[in-house]
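You will see two complexes here that share chain A, one where it goes with chain B and one where it goes with chain C.
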Partner chain A sequence: MKSLNEFVALFAEQFDETDASEITASTNYHDLDEWSSLIALSVIAMVDEEFDVALKGDDVKNSRTVEDLFNRVIAKQ
Partner chain B sequence: MAFLEFNNVRISGIAAGVPSNVASNLLPSDQDNISHDYSPEEYVKTTGVEERRVSRTLTTADLCYAAAERLIKDLAWNKEEIGALIFVSQTPDYVLPATACILQDRLGLSRESFAEDISLGCSGWVYGLSTALGLLGEHNVRKALILCGDAKKRFRVDNQLRDPLFGSAGSATAVEYCVGGESIKFHFGTDGSGFDAIITPDMGSRNPVTLNSFKAEEFEGKTSLRLMTRMKGMDVFSFGITTAPKSVKKLADHFGFDYLDADYYVFHQANMKMNNMIAKKLKLAPDKVPSCMYRFGNTSSASIPLTIVGELKGKFESKPTKFICCGFGVGLSWGTVAFQTNSIVVSELVEVDDLEADKKYVV
Partner chain C sequence: MSYNPFSLQGKTILVTGASSGIGQDTAIECSRMGASVVITGRNEERLHETLSQMEGVGHSAIITDLDKQSEIDKLVEVCPTLDGLVNNAGRGLSKPVNFLKLNDFLDVYQTNLFGAALLTKGLLKKKKISKGASIVFTSSISSYITAAGLSVYASSKAAISGYMRTCALELGNKGIRCNAVLPGMVETKLINSGTYTDEDKQKDLNYYPLGRYGRPSDIAMGIIYLLSDASSWVTGIELVIDGGRMLK
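For the complex of A and B:
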């Protein structure tokens, strides 16, 4: 099973313009300038590939921080 | 376990019809709903849709009719021999009667015909194909048509903007009884818990049309009426990238073949991001995964036959060719089919002018 740190790194890889150092477990990703529905699709695809979990739109919308989202992924595994 | 296998049947021909009118996403007009959050170039890069065919006049039945007439001619079929017509669409000409009944008469098919509508979207071609094949037999119907697609919407307000992801298309697929040959194999699945992932809330019996249906509502950041189709984009994306690859694998496992042995993989053309992900997960060679969304957009249940006509015509008809095709979407509903073609007829793409809209079956 992947750790929270690994999840944060994979999450950060989905962004093109946001530096990985700006994204930590406690980052509220909705506040990032680059966050968009297209990045959300990339995150859903990453979670499917790396965790074999099918996230719903509500999981991505209702989680606030990267750690919240990680916890949802783990709960669905 | 919804696996099906049909023997002594073949797909004899495929045709597709689109409006002749082209709408470009690189040069959008004031009728196109391209968000101001990104440029047309960015939109095209992400979705893969450069242009699509649009008409405010032609219905799905008009496009399917044109495709069917061309296909019957190219096959040199006698219309009297066609015993069944299946119309698959979520944009029928009327709430009632079934559009298949109108098309029976419009095409000049026998009154001794089986005709029915199936209400499915992006999975529809695979479902319609299996339904038609199930009617065939030595002492049953010998020849059948599946007419399938989506076009002009059932509802629009004045000056309503067009969704740049979707295009209009109809298709005709001809199947017939024939002894021998490879069987045609299917896997199907359904998940009605996702019924509202893509939904038109009003206009059915659950929520009949009332004055409330015309009030603007916010849905997923866009203004929508309850008479318009709405989509939970992230849910549909997640569903597509997980379900389509699994369905292909289940079909191959159940029938004991290697899915990597097929010559072509034709998926419903949802959007480029989703389709690339599906192909990557199945480790398919890109040259075996044709795509037509760059010029037609997402054409709902017509997208699989339209891809075969638009991208593969002239490349495979005369030699034995193995296909795996998978449709997935509204329902939620999905289906995968494996078949082999040999001496199949693929008609030239039929371009339909607005003037060809039906004038006879109009009240």
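For the complex of A and C:
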């Protein structure tokens, strides 16, 4: 089972322009300039690959912070 | 008033993927147009739900998983001689290119392309597709206008079109016509399974001049045209049914 910190790092890997240091557990990712529907799809694919959890578009839309999303992943495991 | 060049009276038609969505409506509308319809799908309960909504007599439901060659063979064996085949069974996938694995392609291509091609082959080989018959494939406008995450799905649908055109060429001398319908977004389980949010849909709807997504029956009507004698001189075409999406 991966930790919150590991999740934050994997989450940050989906971005190209945004430096990993800008993304923490408490970051509201919707506010990031680079956030897009493609990155949302990438996050869903990453969670499928790393956690074997099928997130829905609404999970990503309705979570605010990276930690919120991590908690959803854990709840679905 | 009995003149109706779009009638399917006296025709026997096989519709795959008939347990939901476009296939379900196509099967029901074919029955209303007078055809005897054979429907296939994987889910027995939902397939019988389709059967119960069909009009007229002489229809049958055959549970078939087109991902399995043994089940295709069984279907070919029990299938009556056809005047129409609707290769409609399909599946979707939404995944960015940098996450794709071989199995993602295999799963989607198996259903969208291999299953349809191997069923068509089996039926042709056993002479179960009559002279003058019509084969219709459900493709997608995503083979032209795609979106992030659709590379596997869109390429599988583009492959169907290439396959369809070759079939049209090879089978023309038997009078067998092959065509495809290319739906835009249609309200079915395929798009309501969760990757798209309502917000995404609202934004996407701006690209539809007619202001709404398609209904399965919108596509079924195009399929009926291609199955009927009204399209006797039509082969190898892609019939776009998309509420104007390709205009934008």
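Note that the second predicted complex is superposed on the first by the 77 of 77 C-alpha atoms of A that agree within 3 Å, B and C clash if a C-alpha of one lies under 4 Å from a C-alpha of the other, contacts with A are read in each partner's own complex, and residues count from 1 in each chain.
Rule of thumb we're sticking to: contacts are C-beta pairs under 8 Å (C-beta built on N, C-alpha and C of every residue); 3 or more make two chains touch, one makes a residue touch a chain.
Given the structure is predicted, the values throughout are model-derived calculations rather than measurements.
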With both complexes superposed on chain A, which partner does A:S37 reach: first (chain B), second (chain C), both or neither? both
Let me test your reading of the model: by the given contact rule, A:K56 touches which partner, first (chain B), second (chain C), both or neither? both
Thinking of the overlay built on chain A, is A:M46 touched by chain B (first), by chain C (second), by both, or by neither? second
One more residue to check, A:L4. First (chain B), second (chain C), both or neither? neither
When the two structures are overlaid on chain A, which partner does A:A20 contact: first (chain B), second (chain C), both, or neither? neither
Chain A positions touched by chain B in one structure and by chain C in the second: 37-38, 41, 44-45, 48-49, 56-57, 61
Report the residues of chain A in contact with chain C in the complex, numbered from low to high. 37-38, 41-42, 44-46, 48-49, 56-58, 61
Quick check on the complex: what are the chain B residues that touch chain A? 37, 46, 232-235, 237-239, 241-242, 273, 277, 281
Under the touch definition given earlier, write down the residues of chain C that touch chain A in their complex. 94-96, 98-99, 148-149, 194-197, 199-200
Along chain A, where are the residues that touch chain B in the complex? 36-38, 40-41, 44-45, 48-49, 54-57, 60-61
